[in-house]
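Per-chain residue numbering starts at 1, and chain names A, B and C are given in the order in which the chains are listed.
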Amino acid sequence: MSQLQVKDLQVQFGGLRAVDGMNFDVEKGEIMCLLGPNGAGKSTTLDLICGKTQPTGGSILFQGTEISRMLEFKRARLGIGRKFQVPSVYKDLTVVENLSVARSARPSVLHSLTSRAVRRSARVKEILDIVGLVNKQDEAAGNLSHGETQWLEIAMLIAQDSRLILMDEPTAGMTIQETDRTAKIFRKLSANHTLIVVEHDMSFVRTVADRIIVMNQGKKLAEGSIQEIEANEAVKTAYLGH
Amino acid sequence: MNSRISYDVIGFALFAGVILFGVPAILGYDAFELSTFSRYLSLAIVSMALALSWGTAGLLNLGQAATFGMGSYAMAMHLKLKASGESLPDFMGWNNVDTLPWLWVPFQSLTFTLLAGFLIPAGVGGLIAVFMFRARIAGVFVAIITLAFLVAFQLLVINQQGFTGGQNGLTGLAPLEIFGWVVDIYSVSFYYLVSACLLVALTLGLYLTHSKFGLVLRAIREDPERTRYFGYNVASYETLIFCISAALAGWAGMLYALVLEFASPTYMSVSFSLAIVIWCAVGGRESVLAAAIGAILVNLAEGRLSDVFVEGWHLILGVMFLLVVMFMPRGIYGLIVDAGRALKRQGSRAETVEYNPPDALLSQNRES
Amino acid sequence: MDVVFNQVFAGLSFASILLIIALGLAIIYGTMGVINLAHGEFVMLGAYATWALQTYAGLGVVTALPLVFLAVAAAGWIIEKVIVQRLYARPLDTILATWGIGIIIQQAVRLGIGPDSRFVQGPQWLTGNLQIGNLVMSNYRLFVIAFAIFILGATWLLMTRTEFGMKLRAVIQNRNISECYGIKAEKVYSVTFAYGAGLAGIAGALITPLFSTIPTMGTGLVVDAFLVVIVGGLGSLMGTAAAAMLIGEVTALFSIVMNDTLGRIAVLAGIILLIRFRPRGLFPSDTRR
């Protein structure tokens, strides 16, 4: 069975159908890229999966469980993680504290009362190493540069260790070298995690995507490997507009 | 390893030393002065309770005085019943209440009273919290709801004269008797009882703020939405800190009723609630210890200055509060932290240029 | 039945006062997101200004209105410039700051003028009543109702038909983009705050013949006005007007069956329930968020 099954998913804002009858499956360990012009409904699709937006119709099955009416934190506990378009780290907290919040395998109040705020375990060191923030671990996240903030957010997602990770434009504002490094991290992540990535950078998509879905006006326009998508006439029309 | 903890522990130890040895020595073990000071210490507890919800989780509870008042009335009801002996409390007779209301009956028991003094405030705080936080009420609306609750609750207490003594409150109380010890508020041992309560409350507060619970609350203060996507049930975190804060306020209220030997609806007034916010803001809302010190300092100042400026004291308090909110939002605590940081920066510059900054320098930003 | 009709009329005149106070509160909150806890003190300042103008300059309540408006608006403008403007980035602190301002104004008046109540004479030409059957309507209260309608109309014109109103609405929608088009948001904020304060001052002037003028008079009124703002929803003048009517009438009719204290408690419970269940008011303006 697929890890994530989306059926007839639909959401309406006023008169606008932002997502209109989406159907797709994502397999375990897969990196699935969502493409499409602005306003196609890509971010909204991620919002619907993680619970930021409530659907007006359709269903979302995660590992066989219907989640489309669940509260956000319950979905997160099932194993769905989200990276937002705008970097959202806790600026008042230090880097290790940010990671400690993200390491939320046991998110209950009771457990939090009996554990220390920050535990510098081997795993935390390893994650800091991966993203190159070891020397900044006690710096307040608000003092980091834009690039470092992006890395911290990726580190937080690794620390959270969700089975399904939803990424909204993870490479926005990154240099070519940083994008390459992110691609490598993603490939490594896909050994244990499933990823859905919204991305505009086509070279990045070429490197990481196992499969691509192109959206337009809230609907699925095309689905397939990178070669299939690049050869698709409908996709060309949608992007070039004729 | 974690300098923030060590600073807090040192600060706590210093504070405990001053409260336990310094203050009694300075006041010359004078019973009257010590009783005045124990009043400040009980107010320090309600101030640090506010720091827990406001400073840590960003939930500005303007109704803190309501839960404080509940604690004080719980204690006063017990002592009033003791003072009245077999007969009904005097004010009930004046209001044509001829049997003891059911609400009063359990307060004949000391054990029940001591438990009710924080369990009732905690329960009420918890109900309000569930009511608000399930609906994801945040920011200014938490302040408005708690303020409205406070005003309504005070009106209710004043209105129900036959049950509460109305505007006059509960006066003519008997002294408290625990395990055969008759508590004399003009005694050194009473001072130590209140000090011990404050120190226990502070220990609890420091423990909470340094646990993962406190960290998650700070995360919620900054971005509740994001915190949900990590799987934390934000509403239950907020609810628990609200309960704890209300329980501590109730505890403080019990001590306050003991010190002043009466309970009055003015303890639940808007201006009393504002006073709590002022103490907390002056000391520094981010630290429970600083908030407690803020309460003691402002009340000391009030004790000294309100004799001189009888009429103008509230005006001075208002101006002081406005200035703190505008120019010192982190209170005295913020000033000390910033000063410490500046000193360290200078010190490290004067020393050698190290390749790896020492741990203490790295962690200086943790306070922010 | 006569009691009910007379209460309906009393409710209407109370609603008119509430409307003027609530309009100021709503405009300030709607524009800059500041819950102005000093608003009741602006009402009080207006009342004292009227008293002072009558006692020392012999002006009648109605003649004093424009002067009172300007005086309280000026006070509001200064407070916005000196204090509130520094706190826009910290919304929770604006509550505390305006609370502090309220205390300072109240205490200053108490110390400067005294805590006992002052009396203001109503205008001579508005004494007497209009009587229809058993319904007795005082001419002054009728004037208050008419004046509130005038204020509502003037505010509506200001918001929709003037350049300032257009700028104001632009800043409400999106401050940053408005600034890119050369609108000085800070200036808009100052003027809005001053206008809101001025309206509170007018309300204060209008109630002087009906209420006793004391330093704490604003506190109770602002709670009701706040309820009006919440019920009415933000950004809708007509919503505020409808809510003021509703609250005024409900308060007046409840006072027949309930004592005052329980009525106050009911109002406060109403505020709490509304914030919880209808945070955008009963008449929300229709915008996509």
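Basically, a contact is a pair of C-beta atoms (placed from the backbone, for glycine too) under 8 Å apart; a residue touches a chain by one contact, two chains touch by 3 or more.
Since we're looking at a predicted model, the values are computed, not measured.
Novice: Greatest Cα-centroid separation from chain C: which chain?
Specialist: A
Novice: Which chain, with its centre taken as the mean C-alpha position, is closest to the global C-alpha centre?
Specialist: B
Novice: Where the CA atoms of chain B average out and where those of chain C average out, how many Å apart are those spots?
Specialist: 34
Novice: I'd like to verify one number: the distance from the centre of chain A to the centre of chain B, where each centre is the average of its C-alpha atoms, in whole angstrom.
Specialist: Distance between chain centres: 43 Å.
Novice: At what distance in angstrom does the C-alpha mean of chain C lie from that of chain A?
Specialist: 48
Novice: Give the residues of chain C that touch two or more other chains, as numbers and ranges in rising order.
Specialist: none
Novice: Touching residues of chain B toward chain C in the complex: what are they?
Specialist: Within the complex, chain B contacts chain C at residues 58, 60, 131-132, 135, 137, 139-141, 143-145, 148-149, 151-152, 155-156, 158-159, 271, 274, 277, 281, 311-312, 314-315, 317-319, 321-322, 325-326, 329.
Novice: Touching residues of chain A toward chain B in the complex: what are they?
Specialist: Listed in rising order, the residues are 50, 52, 71-73, 76-77, 81-82, 84, 88, 90-94, 97, 100-102, 104, 107-109, 111-118, 120, 135, 137-140, 142-143, 160.
Novice: What residues of chain C sit close enough to touch chain B in their complex?
Specialist: 35, 83, 86-87, 90-93, 95-97, 99-101, 103-104, 107-108, 110-111, 223, 226, 259, 261-262, 264-265, 268-269, 271-272, 275-277, 279
Novice: What residues of chain B sit close enough to touch chain A in their complex?
Specialist: Touching chain A from chain B are residues 1-2, 208, 210-216, 218-219, 221-223, 225-234, 236-237, 240, 356, 359, 362-363, 365-366, 368.
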